[in-house]
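The first chain written gets the first letter, and so on, giving A, B, C and D; residue counts start at 1 in each chain.
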Amino acid sequence: MHPSAQAGPLRRFAPASLPRLLTPAVLFGLVAPAAFLVLLALAVVAPGLLTGVDPLAADPLNALAPPGGSHWFGADHLGRDVLSRVVHGARHSISIGVAATGLAVTGGVLLGLAAGLSPKWLDETLARAFDVLSTLPELLLALLVVAVTGPGTGNVILAIALAQIPNYARVIRAQTFVVRRSGFVEQARTFGRSGLAITAGHVLPNVLGPIPVLATIGLGTAVIASSGLSFLGMGPQPPAAEWGAMLSEARGYLRVAWWQALFPGIAITLTVVCLTVAGRRLQRRFEGRTP
Amino acid sequence: MTITRPERNPAVHRASPPLVAVSDLRVSFGATEVVHGVSLTVEPGECVAIVGESGSGKSVTARTLLGLTGPGSTVRAGSFLIGGRDALAFRPGDWRRLRGRFAGLVLQDALVSLDPLRTAGAEISEVLAVHDVVPRARRHDRVLDLLDAAGVPEPATRAGQRPHQLSGGLRQRVLIASAVAGDPELIIADEPTTALDVTVQAQILRLLAARKAAGTALLLISHDLAVVASIADRILVMKDGRVVEEGPAKAVLTAPAHDYTRALLAAVPSAASRGTRLTGGAAPVRRVAEPSAPVLAGTGLIRSYGRRRAVDGVSFALHAGETLGVVGESGSGKSTLARLALGLLEPEAGEVTLGGRPWSRLPERARRRMRPTIQFVSQDPYDSFDPRHTVGRLVAEPLRLPRAQRRVRVLDLLARVGLSPETAGRHPRELSGGQRQRVAIARALGPRPDVLVCDEPVSALDVSVQAQVLDLLADLQAEYGTAMLFISHDLGVVRHLADRVLVMKDGGVVEEGDVREVFARPRHPYTRDLIAAVPRLPEG
Amino acid sequence: MIRRLGTGLAVLWAAATASYLALLLAPGDTVDILVGDGPDTPEIRARITAEWGLDRPEAVQYLSYLWRLLHGDLGRSYQLQRGVGEILATQVGPTVQLTFAAAALGVALAGIIAVATAGRGRWARGVASAAELVAVSVPPFLIGIVLLAVFSFTLGWFPVSGADGPAALVLPALALGLPIAGVLGQVLRGGLERAIEQPFAVTARARGLTERALVARHAVRHALIPAVTLAGWFTGTLLGGAVITEVLFGRPGLGRVAMEAVTGRDLPVVMAVVLLSAVVYVTISTLLDLAYRVIDPRIGG
Amino acid sequence: APRTSLTWAIETQPITLNPQQWSQNKVRLLVFNQFDALLSRGADGSFQPWLATSWEVSGDGLTYTLHLRDDVTFHDGTRFDAAAVKANLDQFSKPGYNPAVSSIQLRAFDRAEVVSPTTVKITLTEPDALFLDFLASPYAGQVSPKSLREAKDLKFGGPDLVGTGPFVLDRYVQGQEIRYRRNPAYDWPPAGAAHQGPAHLSEITYRFLPEAAVRVGALTSGQVQVIEGVPATEVALIKKDPDLALRTSLNSGTAFSYYFNTSHAPFDDQRVREAFREAVDVDAVLRAVYQGTATRAWSIVGSRSPFYDASLERAYGGDAAKANALLDAAGWTRRDAEGYRVKDGRRLTVRTVAAAPFVRDRRDILAQAIQAQVKQSAGIDFQVRIVDQGTAQQAVEDDAYEIFENSRGDSDVGAALNLILPRDAAINRTRHADPRVDRWLAAASATSDEDERKGLYAKVQRAAVLEKAIVFPLYVPADQVAAHKSVQGLGFDPASGTPAGAYDVRIGT
């Protein structure tokens, strides 16, 4: 064993080195994002723990009340509690993002793998299909889907997933090409393993490698995209609390009630920042593992 | 051919101060020190060589001499005089004025040391521009002169080409041309021939020798003692960041004082080492192959990539227990032949038989049953391992055994190639190059194959590690009687290990026969050139 | 080149057909759209159907659509009493202005920040990469809202909206350009930093090059390669972002037309926008492909 | 005349500049800049001369004889005369030109005859009290017959489709602006105009700024001098600003109302319909949503209309206890886990399906406020869906809605009632049939006696609002114009209550 490997754990538990652990890089790169993501997860799973106020309870007399004692983040144009709506909004926004990303990853992996393993003509056809799908700007494609299916949560998920499938499919296809031609796949053939066994045992697991990273970063993108669609009124319908929709509603009150736009805006931004930071960490770990 | 060493001119030597005079040089990256107190002088017109294994600190030392140690490094030294000036007090501008003008550097990794997006000419004229060696109008002509002097044919064409359009040898020459463009007093050449074919290597060495003859001092770095033997005046042997031995070239090579130097010299495979163990100890007793039907044979094999014929009508036969060496320059079709033999590629014409039965003509489904009888060790073991798997799982993959027996067998195989059972739980990335190649060999031996195809199994390894692996292969062959198709561009290795040899050129076989016979009396001119180009250690 | 052209045409055809099919599948039918919220009687419906030829089989309508397309006729808008070509023609200008301004701004910002901070001290890099991270993570419409609230409503530096004058372009171009600057900045800086660690960079330093010359003569081109591969993303972001930016800032342009056409299911306009963005995409990716070959001669040499 | 120009930000951009294709009340203010109608209306609702100096209606109500001005020329220099009027009327019978107008407003139109250059005789197939209103509407905006023949893009209009109005269309840039310049020859304003001769402004530009906040920002930062469509949230700020003036006018036509779909449960039960109305404290809701700027409606007819029945005021609504009693009586006695009323295992759910392009004026927010109210006070599950047009249409066809929300800006409310209330009316979304109402509306359409019509429409309103409770009037749509103090002469169209054109507008000193 390498000598420093033994010294490692000892040093890590030495109290004197604690201050060194909390460098700004660690604080902003790890502790703060992790804490925020935990909070976010809590808001998604059990928003009731973070706020006791009903996000839909309108109180017209208290409309546009500024942040203060009874409404920490202020009240919106219908007198609803902005804090509670931001907290409950996490569920909508995040679950749209997660569902869309899940759908896109599944579709992308299947299509990309299919393309990467197919004979040339089929591969070319699929690759062109990805091209067509990506000729449309993501948002325009989403608009098109929503135009066909109508606004609503499910359709936004579908729209975003459809728009993102080519991203994943392309990566997977390229990765499949690499893995398919790599030494260990060739080697596995010399052991007399069948094509199916090689695909399942070697190609697929190695192709999936970049997916966690891509999906984490893609989740951020999906959250931005869904908030954009909600902003344009295509997403979850009122009175549902969703960050993008909240921002859209807040648009009319910018001059009189900044808080209505500020807090959901911060929520989206922090979510995406933290997801991206987490994704990059994953990526570094992932890259550290392969040559 | 041999390179004659011009006599050093003592008058020049005494008149001027040493170009480089460094004592107690220490270089660390972060908290780890990688060079521990190296002292080094280079006199004008002298050729100093540094040899040593990978990671011994040769490159770091060389780069430090030009202030290019890299980010995150700390350099300390007792004294650090470059061209008589104290480099410890240098500011960035001082370094820059030195680089290219006082000393030219030819980096290791020749193949990636030229900017892939710029033309060769632009790279060379950059030196001329930075140091304003010649006025702008004459730079182009000077570039062509430099290329010509570096032995680049058609300099005008080459100057306009980019690295990807140049062969390895040409790239190395362009690099040398750019290193000498500023007309430096010292050239630092870090492994200038490592990635090259022997014939090209010989040309590069001649080129460096010519510079030296013209009075330029050389600091030559190599892991190959034979390479430096022909040109160095003094040799430094490095190990683990220290200089373990230093002295005049002849003395170090013929009468090494340090054990490490001795081991290094002994580990070089050659005709002389044939039948012996490179790492010492008793030579294995080899069962002499009974004349029998070949276990693996190919007839009239042809295989092309696009229009290019990579293998063009090759026939060969490999008998049980025998080692058939395949040598040839890069691109001559060796690997393609290996893959044809393994049934990984279908020949366009000709046929491969395995154990006397059809092999290449079979459908893959039928081949699968026979696959365990022919196994493969590739040049790059890292690439041949699924990066997610542990060594244990990798070695177990080709075994067709019940779970319980499999583990026992894996540990047994690892023990045979000299790896501890603890290795089974590790990932290949946690192993050294030599250990990885051992894992690859253990894995290939798992199914008890009749034939082992080895494609450059040792060319990525240090001499001493290479020696261990070659010994291991010899031992295993002696024990199991496995026939080996052994591919290498290193004639020494083939000469050491193989019974018969196949010399390939441009996809075809130019010569074939008993190893001793072919090397002693090469019939084909190409074979002759090949053998002549191999650098030799002085007989000691 | 011929092959590329063929592929481009195939992509265009597929985009046209896909959007045609998509809108065919949508609930409700064309007559509903044409009726709008105006009076609705069977008589009115019958007249509309006859006027627009909606009684023909769908396949015939599709073929006649393609046929007209081939002749450069994009059809008539259902909602705006005009030809689609004419509508797009009047709207291209502002969108081109906006996207070019945003692209120029994004590229310039990214380039300046990347060159200024690549390989520099921890602090400079930390601040730059944090700024890039935030720029990438904020939804463009939020940037727009903040810019509006601060620079227009509060400080009154820039006009609130409209498309006249360069001043009116500043805020929308920023809103659209900042995310681009963020992503591009990351990629460029990453590329620069990777390039100046390559062996060829060490060789170049060994010739006595200064760091600045190293970046300018060697590293920049290397950093451009990954940046160019972002072209598709880049175009998409610009075109898609134009929708939100134009709606938010009350600017005329294709994005807004597209948005209105989609909500109103104005089929001919939607399809024309889809086609147009496909044309833009194909053109730009072809151009960048060529640029790629110029930057990196290793490709297809 | 001095050279003066003005920029005016408006919310909606016209989809057509051809007055005969006009369909958006929000851009009515543009039409009469460029075109003049045959008649105009006074503030009291009476008809007054414009391009027609006088007119006679035959006793049977079938023949209208118009006497025209003889000094009017179109912008293209051609003369306005009886032949032009006939050409304009005949234009509507061209197939595909304007199916809606030809089958509604011109339903009874038979033919037009040129009696003399200044006299035209129009014959109807049946009496139509609304025909004069048509002659005063944008549809009757007179277009030069030459340009009707020659215009490049007839249905859209544009600079080459010309009228006789005080301004000439100069430039139209979609999504951006529309610009007019003064017609120096103009000397034929409608009877109620504040001045004679050419317009005061030499040039007027309307900028299209759909975002309310942006519009107000443009006004306060001086980029435009006038805006229309002032959001309620900004009203207080504008009133406080000493440089700005705000003017408001209620619109003509119907009030913004929720129409109950009586064809199926739960609104087939009148008690539930009444309960819904009682459950909402309309005043509080309007205060919250419109910051006190909205006028509550009590009848389907807007309070600005001469036919408005004021006796309906305070006759119902806002009594949560009554709402609960009514629902209990109707059998909606149980409550589910979420607090909604349930009957026979079904929740008391009512849905509104609105098409996004037609949702304006914060009506989505109003719906949300009502949604919260009916849940809290009566346990009603009011679901608000804003969808695309196709889906909305689909819901109507499938009878998959309980509430239909609508207001109409017709200058004569009778036209709106005819479209909404009769059994087979084009937009009868209540699916309610009341033969008495059908009879009264038919009678009102057939007479041009204003008092008689008023009586009939009062009966209609009582029946729909009080007796049958098929409608829930919420507020009377209004228009606001905010402008810099220096801008004078801004007014509202007496016929519609929407902002008037720019003829009388001038910049004071």
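By our rule, contacts are C-beta pairs under 8 Å (C-beta built on N, C-alpha and C of every residue); 3 or more make two chains touch, one makes a residue touch a chain.
Protein names from UniProt, one per chain: A, C = ABC transporter permease; B = Dipeptide ABC transporter ATP-binding protein.
If you're wondering where the values come from, they're calculated on a predicted model, not measured in any experiment.
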item	value
Chain pair showing more contacts of the two, B-C and C-D	C-D
Chain occupying the most central position, where position means C-alpha average	C
Inter-chain centre distance, chain B versus chain C - centres from mean C-alpha coordinates, in Å	51
CA centroid of chain C to CA centroid of chain D, Å	38
CA centroid of chain B to CA centroid of chain D, Å	88
Chain centre separation in whole Å, for chain D relative to chain A (CA means)	46
Set of chain C residues in contact with two or more other chains	26-27, 148, 153, 247-248, 263, 265
Junction residues of chain B, two or more chains touched	none
Residues of chain D touching at least two other chains	211, 213, 217, 356, 388, 390-391
Listing of all chain pairs that touch each other, if any do	A-B, A-C, A-D, B-C, C-D
Complex interface listing, chain C residues touching chain A	7, 10-11, 14-15, 18-19, 22-23, 25-27, 126, 130, 133-134, 136-142, 145-146, 148-149, 153, 232, 235-241, 243-244, 247-248, 258-259, 262-263, 265, 270, 273-274, 277-278, 281-282
Interface residues, chain C side, partner chain B - complex	197-200, 202-210, 213, 217-218, 221-222, 295-298, 301
Partner chain A, residues of chain B touching it in the complex	342, 344, 367-372, 374-376, 378, 380, 382-388, 397-398, 429, 447
In the complex with chain A, residue positions of chain D that touch it	211-213, 216-217, 231, 233-234, 237, 284-285, 287-289, 356, 362, 364-365, 367-369, 371-373, 384-388, 390-391
Residue numbers on chain A that touch chain B, as the complex places them	182-184, 186-194, 202, 205-206, 289-291
